[in-house]
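Structures given as structure tokens follow.
Paired with chain B in one complex and with chain C in the other, chain A is shared by the two complexes that follow.
Showing the complex of A and B:
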């Protein structure tokens, strides 16, 4: 684009310097603490971290909840995105606005609302008792279920937005063509929609998985210390124990998990592409 | 004459400039800073002819800052819990407070005079910790053991072991069980055995009023300093007086080592401990007074940890026990309760 390559490089230099000096360098220093032992490089901090039963529980819980939230949001997201793209343009814009509306409300306010809705005297329990599913209100708050619901509501819009934009780029005739050729709706979804929207799924899945894994407010308020996740554990290690080594270990684990999730999703998408 | 006037004016300006150069940097809890500014900081600045720099934050951050700048202190005086003060003293970050220069020192309750030894700290407020409960849901709470009893099963919140209320609560549960070993192994095991009956292990007492309102919990151990917010909720709530007594905690003032600002820091401490200021803080329901001369109305006293009898009856965990056992408690708690 630029006649002189140096001009292009010069233009990117301020942003690169900014990122290197104020983000990559400090994060690198922080994370390097997790590899320092008494005699230089060491992975002892990781061995110590994973040798604790509590930390293992927290690690698996974080992985499980994040994967579960990403999976369920993909299912709901596809249904919602399909409905939205089938609407006429004006209604589509309105629906899209409704989907993005929660993103404009502070996560703290949204999560506090769940505290009221999921409480024993809250809306959910009132309905469950009224329609006779339960005799007495259930304890939902401070359980994994509460954290799951909170995270799902928090990140579902990201999945829907990603899938809507992927579906909008799909050839308009693809679905009618598949139907005419005798495919049932399940086949339409697995053979046509899924392969053509895989980029959106990878982006949405990564955003939702990483977001759920690194969310702090929702697990802290709806889960408390009985449902610790890696992010709430990290906070606890820093503020209570002043243990920056364990905190760096957790930060490194979160980064590795986020990259792994992205690579895995891309791999799945590529495999489908090859097969298709 | 003209020359004399000029010289006097110059001298006055110089004195003024010198006075403004005096700066006292204090490190305090983030709690109730608007009230502290109005009742303590502004009035002190008005009489000391100095600038007061106030740094706030949680205990860990503030202690870390004091430790990181030990060679050339950036904080002159700090207010912390007794065990944080002892931790700092053991690390050599503090110097003894010259209590002979504190006019209000003799007015303090005995437990506030030298809580960690060697005059390394002076208590400025203390609080009782007991159990708040919904009196419409449960008849009465008579013992700390009731927290784990059948009546409250599934309706009680306990403080997390990492909070200031956590260890004292466990200490009292242990006392009710007849086990006062500082390892707290027995009460931690008891809590672990009843973990499913406990709604949550809270980190901030501010969330409890809402949980009480939502009938999520019927009872929780809390510090008296939070009682005001419960009373204001309009719910039928009561403050239990368990047969094992009440526990609690104390906050203290400390002087950082070699800060070079000792006289001003002592002046500020004395100001804060004076009867007038302690009374003003008590009447604003900010801090219970450590100054025994403070007298407040019954209505105010009701919301505080007030009076010699109350002060002397508190079953406090000694600071050295908290400090020496804290890591063990956390490890034991993580292994048994959060497993």
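Showing the complex of A and C:
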């Protein structure tokens, strides 16, 4: 684009300096903290972290909930995206607007709404007791279920948006063509829709998984200290225990998991591609 | 025998918008029928209903004596070549053609796929992806993909309209050859009267969700039933007969330029090889005239006399 490459490079310099000085450097310092031993480099902080039973529980819970939220949002997302792309253009736009609407509302407000819905005297318990499924209100808040519901609600729109745009890019008539050639709806999904939307699924899956893993507000409000996740644990370590080493370890784990999730999903997607 | 594919009292709708109303049509085995009409006339909707992609509001469709009205598309033994071809971009040509046979666990899959690709002349491209092919080649793959399933009825959506003139001729020859060799019953949708005439045994002209006329190409060319049919089939000059519910219609080639009772001014002239096409503005409107190119040449803006000979007009009902 630029005749002189130096001009192009010079133009990216301010942004590069900004990122280096104010993001990469502090993160580097924070992450390196956990590798400082008495005699230089050491992974002792990581061994210490994972030798604690409570930390292990939090680690696996975070992984499990994030994977579960990503999985369930993919299932719901495909159904929703399919319905949306089947609509005529005007109603499609409206439905898409409805999907993106929650993204414009603060996650704090959205999560507090779940307090009202899921609380002991909330809407869900009132119904469960009224129709006689429960004798007394159940404790839903401050359980993994509450965190799961909150995260799913928070990140589902990202999955739906990714899948809708992937489906809109599928060749027109690919689905009817498969049906006429003898595919039932399950085969249409596995042989046509899934392979043709796998990039959208990878993007949506990565966004939802890393989002759920690194969310703070939702586990803090709906899980509290009873259902700690890595992010809430990190915050607690820093503010309560002033333990920056553990915080650095957790930050590293979150970064590694986010990258691995993306790589893994890409691998799964390409494996499907070569087999098909 | 004349009702291999039978459509009776078929009514189709999208939501509350009725697209086709009480349509009746019988097609014989091995026949090549064109559903012809302007956009919005219901021709594509009818084809989708035959394929099973749209459930009728009322009426029935039978194929080879079997009522398929409520059957899933897969169970109808119907093939459809889409206007967009609808190849699967993630599969090779081989796998595209094998798609339906695989679902059906066909024991002769490999032989049939290879024969299918051979038939359309693309055997050497079996391992290519659809994106590597030209539009015309993609369409032949789509044709092979439908044909290997040995459908009872092959539906084709605008099979020639995306092709340039040379490929159009090739595809027309291809489709006629396929019909000769396989004897498959074909129904194709088109908005182009010349495509319908060039390919079909019989033309079903549709208008506003109903059939306007069913006839052979020769019949419909020489004797359109209504003013709509005449207009659609190239009778450019239509004059109502006073006191009657009928009109007279002339093709551009039936109008004689140079002498006659009408006066006009040449507004357009186009050289078309053996013919020269004129547009003449006159008291009765814009008249299209088609004269041998060797005749006197008239220039734009030149006043001219012309004749609408009664013996060369067809009489049509007002529609």
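Things to note:
In this text, the second predicted complex is superposed on the first by the 276 of 276 C-alpha atoms of A that agree within 3 Å, B and C clash if a C-alpha of one lies under 4 Å from a C-alpha of the other, contacts with A are read in each partner's own complex, and residues count from 1 in each chain.
FYI, contacts are C-beta pairs under 8 Å (C-beta built on N, C-alpha and C of every residue); 3 or more make two chains touch, one makes a residue touch a chain.
Just so it is clear, the structure is predicted and the values come from calculations on it, not from any experiment.
Annotation: superposed three-chain arrangement on chain A; chain B versus chain C shows no clash, the two fitting side by side. After overlaying the two complexes on the shared chain, residue contacts for A:136 are found with neither chain B nor chain C.
In the superposition on chain A, A:180 contacts chain C only, with no contact to chain B.
Taking the C-alpha centre of chain A as the apex, the lines running to the C-alpha centres of chain B and chain C meet at 150 degrees, rounded to a multiple of 10. Judged by the touch definition given at the top, the superposed model places A:195 against chain C, while chain B stays out of reach.
In the superposition on chain A, A:4 makes contact with neither chain B nor chain C.
Of the two partner chains placed around the shared chain by superposition, neither chain B nor chain C is touched by A:106. In the superposition on chain A, A:54 makes contact with chain B only, while chain C stays out of contact range. Once the two complexes are laid over each other on the shared chain, residue contacts for A:172 go to chain C alone; chain B is not touched. Taking every C-alpha of chain B against every C-alpha of chain C after the fit on chain A, the minimum distance is 46 Å.
Once both structures are placed on chain A, no chain A residue is touched by chain B and, in the other complex, by chain C.
Only residues 52-54, 57, 115-116, 119-122, 139, 141-142, 224-226, 228, 236, 238-242 of chain A touch chain B when the two sit together in their complex.
Taken in their complex, chain B has these residues touching chain A: 58, 60-61, 63-64, 154, 160, 162, 195, 198-203, 210, 214-216, 330, 334-335, 338-339. Listed in rising order, the residues of chain A touching chain C in the complex are 171-174, 176-184, 187, 191-192, 195-196, 273, 276.
Interface residues of chain C, counted against chain A in their complex, comprise 51-53, 72-74, 78-80, 82, 84, 86-91, 95, 99-100, 103-104, 145, 149.
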